[in-house]
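Letters A, B, C, D, E and F mark the chains in the order given here, with residues in each chain numbered from 1 onward.
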Amino acid sequence: MTAVCPGSFDPITLGHLDIIERSTYIYDRVVVGIADNPSKAELFSLEERLDFTKEALKNLAKVEVLVFRSLLVEFAQEHGAKVIIKGLRAISDFEHEFQMAHLNKRLDNTIETVFLMASPECMFLSSSAVKEIAAYGGNISEFVPSGVEARLADKFLKD
Amino acid sequence: MTAVCPGSFDPITLGHLDIIERSTYIYDRVVVGIADNPSKAELFSLEERLDFTKEALKNLAKVEVLVFRSLLVEFAQEHGAKVIIKGLRAISDFEHEFQMAHLNKRLDNTIETVFLMASPECMFLSSSAVKEIAAYGGNISEFVPSGVEARLADKFLKD
Amino acid sequence: MTAVCPGSFDPITLGHLDIIERSTYIYDRVVVGIADNPSKAELFSLEERLDFTKEALKNLAKVEVLVFRSLLVEFAQEHGAKVIIKGLRAISDFEHEFQMAHLNKRLDNTIETVFLMASPECMFLSSSAVKEIAAYGGNISEFVPSGVEARLADKFLKD
Amino acid sequence: MTAVCPGSFDPITLGHLDIIERSTYIYDRVVVGIADNPSKAELFSLEERLDFTKEALKNLAKVEVLVFRSLLVEFAQEHGAKVIIKGLRAISDFEHEFQMAHLNKRLDNTIETVFLMASPECMFLSSSAVKEIAAYGGNISEFVPSGVEARLADKFLKD
Amino acid sequence: MTAVCPGSFDPITLGHLDIIERSTYIYDRVVVGIADNPSKAELFSLEERLDFTKEALKNLAKVEVLVFRSLLVEFAQEHGAKVIIKGLRAISDFEHEFQMAHLNKRLDNTIETVFLMASPECMFLSSSAVKEIAAYGGNISEFVPSGVEARLADKFLKD
Amino acid sequence: MTAVCPGSFDPITLGHLDIIERSTYIYDRVVVGIADNPSKAELFSLEERLDFTKEALKNLAKVEVLVFRSLLVEFAQEHGAKVIIKGLRAISDFEHEFQMAHLNKRLDNTIETVFLMASPECMFLSSSAVKEIAAYGGNISEFVPSGVEARLADKFLKD
């Protein structure tokens, strides 16, 4: 069974890593899809996001990292995935993901969205919180892979 | 009893239609108010929104479609409405609508906000989700009136 | 337009009164229905609940107080009501009421459930909280009609 | 991949059926576990629940129906399941399931709980709502398998 | 500043311990109040609860453990406390605690309820979940103080 | 005990005032911190916000008003505060604040975030709602200190 795990990964956090790693225990192949959404203003370029996401996941043999510019269900179809994986941290995640899961079901009802609960130590983590802390020079080493930590420091020094 | 049913309608979806039609069964007259809010960046111009909203509602005899540029309670007062109708889909709707209902009550306590639950098949629908799917060329025919479908296709082809 | 406003009213609180009074401003006739549900263990007997609910609402000319032992939609049908009124205080109310509204819609789709938001000063009020405070001899005069206050005192003295 | 899908099934509803059927599309084998929890007062006996659950699922080739009297993770271990499947309807489900998923992870961290969203038309369905409607003689044919409908009628006639 | 920290403690969990210990860092004296509520069916007797709660907290010098049979605000008044401490784990906690905080404020507006967030590793812990796991013989050593673990084992062996 | 109470105060509302005043009853010193966050587009300049916040709080002897440009935990450390105070109005506040409280705890685990519930009459108030009403010329005198009312009128006349 192939599953896709989509996101912006701007940047990837230890919360994303946790969900992706746990997915590899229950699916044969996990295709991580980095969304190239021109209408979203990301801190990191698509190339940077692809780069550090691949680096962070390089030890997970069942994982591939790819970019997608289409509807999520089309991305899943292309890769033969019948499952979309999403992590849930909180109520607001739940509501938005619930909406997206139903819309995706209407667009292709052969693809199921399955949800995994964020681990307790990752429930408070988000890419945007990590960026805010980094912007003020706070220590983010417990929140992101080491490669991302250095890049965030660069990003905010340059600015 | 006259009720107003306000919104941005950018664009109108089948979820809006459902709430408005159900409102006509319990109120004598339903004034649909399209908010002209200059601080919100809408995809469709006010004229376009007025146009396709009128078209979508043309078979509902008790419904009028108007634009408003004032506080919602002033719009209700102008049209002799004692009721504001809002659809509720989810928890985040609930919270925001709850806040607005109380503020409006403080601004004019003779006007009541009444809430109708979205129908199950419309609970996952929102104007923004529809626009996102259309932007990627996805099929939105089950989510919006046919007039809106064509216009969304135009909008994203032009861009 | 006739509306029904159902509940256990065990006992009626100022929160119930607020919703019922506001309902009379937007409906021609409000039938308050006291549920006679043998499987629920109520503090007050059906007779007591009917008695103090009538007393509390006696000055509202458009209101009738009745008992019902059937499905809520059947009670509404019997009284020619196309509207069921419910007050919403909080998220947990919202969820339960949402479920009930959809089920009732499936049982009779010509009847709409409309929701009014509890007034800010009533958002923390519930019959069960009032009973708990009264059980410890706390002052409940700001939470219930005066007739109910005396009866609650009696109830807990007797016990 | 084997998955377990636990519940009280008192009685099984079309909402349960929907989740179980969708599970068979993404797992090789789905073990439905009926909890024998002596501290819960169920309407139907364990035998009745086993009986109508088997009947309702008899056309799903990948599904087995069993009773369990142990911790859920032990039931999963016994059957070689690495996945526990739960349906999510609403926020209160979410919270409770979130708690259970984390506790189960602490008891055996090799077993993942995955969540599927209830289909829109099943979001308002619950065993307890179905029982309440049946108790008042309401029509439940759209909510439960036909075998359950007859048994519920029996149950409430007998009482 | 004296604070009271009320609860049933049936039994005390590591989640309670975490909130109480953190409270001692920001208040001079923390009075832990065990509610003696005759209408609640507890697993452990009041004496047992007093006993293991005292034992679990014996190393916290600023903490006293007492029983109360009155309204919480009266218990706070008796001990000169201007603060009631509550831990928040989740949305349903939030709603119930919000209601109680407002009612208590109405009963005595000189007493403030302050909320501390449960630590991530305790967010899924509750006395009732612990009891359920123990009832099935599951390992609860990571969830409760060691004294409680032994007593729970006894309780369920005896039964 | 010193507490910090951070915010954007764009503008300060009676809801902020309520939380800050109640904080002075349970802490010896309350440092109100106005966030200077260059990435947020505020209506009022930092100088204006400092000015009207000081004016609104001038009668509260235990309160100091300062600007901060660092991480919140660093601001707390600088002022010897072991407590961060936040007001909670609703579920969405809860979720965001929960996330921030945990992140701040990870950045400095000697500092506790404590939450106070908004008073019922302030639960629907927010700086953004006040600005929206003022933009349409609505009456905001019940929502903000008098100094802020005049400045908001100026702001929207000038525009």
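The criterion applied here is as follows: contacts are C-beta pairs under 8 Å (C-beta built on N, C-alpha and C of every residue); 3 or more make two chains touch, one makes a residue touch a chain.
Values in this document were obtained by computation on a predicted structure and should not be read as measured data.
Identification of common neighbours of chain B and chain F yields A, C.
Between chain A and chain E, the least number of touch steps comes to 1. Taking B-C and C-E together, the chain pair joined by more C-beta contacts is B-C. Ranked by separation of Cα centres from chain D, the top chain is F.
Averaging Cα atoms per chain gives one point for each, and the point farthest from that of chain E is the centre of B. Once the centre of each chain is set as its mean CA position, chain B and chain E turn out to be 47 Å apart.
Between chain C and chain F, the centres computed from C-alpha atoms are 38 Å apart. With touch defined as above, residues shared between interfaces to two or more other chains in chain F number as follows: 91-92, 98, 101-102, 120, 123-124. By the definition given earlier, chain contacts exist for A-B, A-D, A-E, A-F, B-C, B-D, B-F, C-D, C-E, C-F, D-E, E-F. On chain B, the positions that touch chain C within their shared complex are 1, 22, 25-26, 82-83, 88, 91, 94, 98, 101-102, 105, 110, 112-117, 119-120. Chain E makes touch with chain D in their complex at residues 90-92, 123-126, 129, 133, 135-139, 142-143.
Taken together, the chain D residues at the contact with chain B in this complex read 91, 120-121, 123-124.
By the touch rule above, chain B contacts chain F in their complex via residues 39, 70-71, 74, 91-92, 95, 98-103, 106-107.
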